[in-house]
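You will see chain A twice below: alongside chain B first, and alongside chain C after that.
For the complex of A and B:
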């Protein structure tokens, strides 16, 4: 019911979902156009800049789909709907599972749109359906992580101040990874940060279907790090959200 | 002995107009600096992106067209850092005006015998002063990391003046949006449109390295030439063309945005 409610919200107030949809598309097109020349650097793993940036957009889309549910939770807290939900004999897990499923449905729409628009702008998967599956897997994983993070912040801050914090942290984590350039191109402080940033692994998971071997190519080596990062971050953020919900009840 | 062109009442009117404009400019300038939480992102984020770009794309220096004669990516980024920071800051003035409209201060101002142009200039002046200070801040902040202005002190002064003019010209669009909608959220919502126009220019990477439709858009985007003017002042030194690009392009954009603001102000007055 909560998932259906969130999905109906997309139809009734599309303005709340449009930025989540438009931003990754804009990012893919703008980054691929602006930084087109980086593919000319020797050993760059693809000759199409859109192939490099489409995964960043997919991950960003997944993450913002999740955060969108955090914004919605803040609205529900502010207008009193959350209080009514908590009074209802609803299992507490459903209050997290509903938004989570909704985030996955939103992410599917965003990822599919990014793929179609990306194809139109020249993106070509190099590893067939398996590569596309990895692209979706990374996006869904980040949606789970971001939903947990967004809900956790929303339940603690309980007003729109939390929205800025959600976005800021996401941007910082996203861009201090291999978001813009491969590790082999990086230098200085960013290289050190990107090495330990789990987002680098998630991006590697997403990119393997769009890059040329040896960097690309669907393989366990390119997959396990991303899966582990999603599993650990997802568990932590969902726990964070659950504890936030319990605090809200107190 | 010189004869005054203006009659005594006209001179009074001009003096009053200037005094009102000064008072409103002072108010809008103080308003910006009283809200450090609002201005901090426009100082921090451009520096963060400059550091990010330098680390991500530093190895493209000397290898990519347009970056072959550049010694550091950070030096190349100074112009876009200024443009980006001023752009972030330009929303602050528009948002403040929308808040004035919402809380009724604008209605009281319009009911007073103050000049309409003075109201607009007064509002834009705060952003303009902040734009100039932002330029100084970015030049100083990047200096310890090896960023040098080849054009010397005159180039620095031109860049600071350009920062003020960019803030005024882009602030004009935000002012027009604030006057049209009277909503701070709408002004904030318009920000991505201007940010996109900066992205579809040569602000972040040289035009020579672009291709296809994207290059065509960047070729037609006046912001490309504005940023390139600032970039030449940083990387190569003073040239007449770079000075003209850095100063005249924001003036030209400003004439358009100011006219748009005046039109929106007239529309708002007609609704009262």
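For the complex of A and C:
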């Protein structure tokens, strides 16, 4: 029912969802166009620049969908609706599950739209349905992580100050990974950060279906790191959100 | 297995304390409150803004944990059995906690799901409640289009979806026009007649006087008086004589009035005295003021009110005790 409520909110005020949908599409098309020459690098794993950037857009879409639920939680706190939810004899976990399912539904819409628009602009999966499944898996994973992070911040800040922090951390994590260029092209501190940044593994998970082997191609080697990153970050951020929800009582 | 509630009064509060902040910024919003609300009672909780009324309601409704002390609501401990408390109570908070993008029906159905009401009963219950609060015609409109009074009535309907035995109303009529206020009072009385125990916070004296079987007066986090309104007013004793004189004559007028009883706190520019002789003493006061050549601008004699009880207990009047035009949203 809470998921349904969130989806109704999208339908009634589509403007709140528009940036989540438009930004990843714009990013995929703009980056692919601006950096089209990236494919000229020797041994670059695809000859289509949009095949490289579409995964970044998918991950960004999943993350924005999750953060959107953080923004919605801030609105609920500010207009008092969160109090109504907290006064209900519902398990506290259900108050997190509703937004989480809603984030996954939003992510599905964003990823599907990115795929369709990406195809129109020349993106071609190289690994069939298995590759597309990995693209969705990474997007859904990031949606879970971002929902936990967004809700946790919302429950602690309780006003729109939290929104800026949510977005800032997302961009920092996203762009200090292999988001824009392969690791082989990076140097200095950025390379060191990208190596340990879990986002690099999630992007690798997402990109398997759009890049050529040996870098691309659906394999356990390209999958496990991303799954582990999602599992660890997802667990941590959901715990962060749960503790934040409890903090509202203190 | 569900634990049985402790039998007794629906609300029992013992030494409840709530602090906010820490160190030098520590504020005791609630500072050792004890009270008992009996079954089937409308209990009025009266106090100025910032006195601690809403903090107590938030603790009793499990939204906030007490710093120390304990309380039972509907026989359950508010901290250890919060979930059971939530099942037993209905709450309409000070700011209508309503999602403006949803319709009245959708909100009631969401509330029903949150309280585990079966879907088969959900629609009928929602329709009944909407009818009861006079919102059937607006049921499928988004709440953003509702007036302040309609939102309050919807909020009340939401708090009743699971037929609670104890109902908390936190300043339910603040900002309402007189007609909406009267309609809400009538609904509260009806609920009470049907057996619901009502805990009502208000800053309006008239509201407490009209609705409450018993009242507690809170100031700076402490209960300063508690009892039946009529008895509390009777304890104040003498009626209050209020006069207005020009500023230069205030001190002289004060010395004259002091001969007829104890001076009482009042608004700036006025003087008030508890007139020991009652109404029969007014003529004598007027004569004394005249003899002292004091130019009397205005005079009124008021029977003891809850405001007098408040003033007698705290040394100051209850600001905003009656709704002003600015506070009333038409």
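Side notes on the structure shown:
Quick note on the criterion: the second predicted complex is superposed on the first by the 250 of 250 C-alpha atoms of A that agree within 3 Å, B and C clash if a C-alpha of one lies under 4 Å from a C-alpha of the other, contacts with A are read in each partner's own complex, and residues count from 1 in each chain.
By definition in this document, a residue touches a chain if its C-beta (ideal position, glycine included) is under 8 Å from a C-beta of that chain, and two chains touch if they have at least 3 such contacts.
Remember, it's a predicted structure, so these values are computed and weren't measured experimentally.
In the three-chain model built by superposing on chain A, chain B fits alongside chain C with no clash.
When both complexes are overlaid on chain A, the residue A:8 reaches chain C alone and has no touch with chain B.
In the superposition on chain A, contact is made by A:40 with chain B only, not with chain C. Using the contact criterion defined above for the overlaid structures, shared-chain residue A:187 touches chain B, although it does not reach chain C. By the document's definition of touching, of the two partners only chain C reaches A:79; chain B does not. Of the two partner chains placed by superposition, only chain B is touched by A:26; chain C is not. In the overlay built on the shared chain, the residue A:195 is in contact with neither chain B nor chain C. In the superposed pair of complexes, A:249 makes contact with chain C only, with no contact to chain B. After overlaying the two complexes on the shared chain, residue contacts for A:175 are found with chain B alone; chain C is out of touch. Looking at the shared chain after the overlay, A:89 reaches chain C, while chain B stays out of its contact range.
Vertex at chain A: the C-alpha centres of chain B and chain C lie 90° apart in angle, rounded to steps of 10.
With chain A used as the common frame, chain B approaches chain C to a shortest CA-CA distance of 20 Å.
Overlaid on A, the two complexes show chain B and chain C touching no common residue of chain A. Note for the complex: chain B touches chain A at residues 51-60, 63-66, 196, 199-200, 204-206, 209-214. Against chain B, the residues of chain A that register as touching in their complex are 26, 30, 33-38, 40-41, 175-176, 180-181, 185-191.
Note for the complex: chain A touches chain C at residues 1-2, 5, 8-9, 12-13, 76, 79-90, 248-250.
Those residues of chain C whose C-beta lies close enough to touch chain A in the complex are 61-65, 83-84, 86-87, 89, 91, 93, 95-102, 106, 109-111, 113-116, 142, 158.
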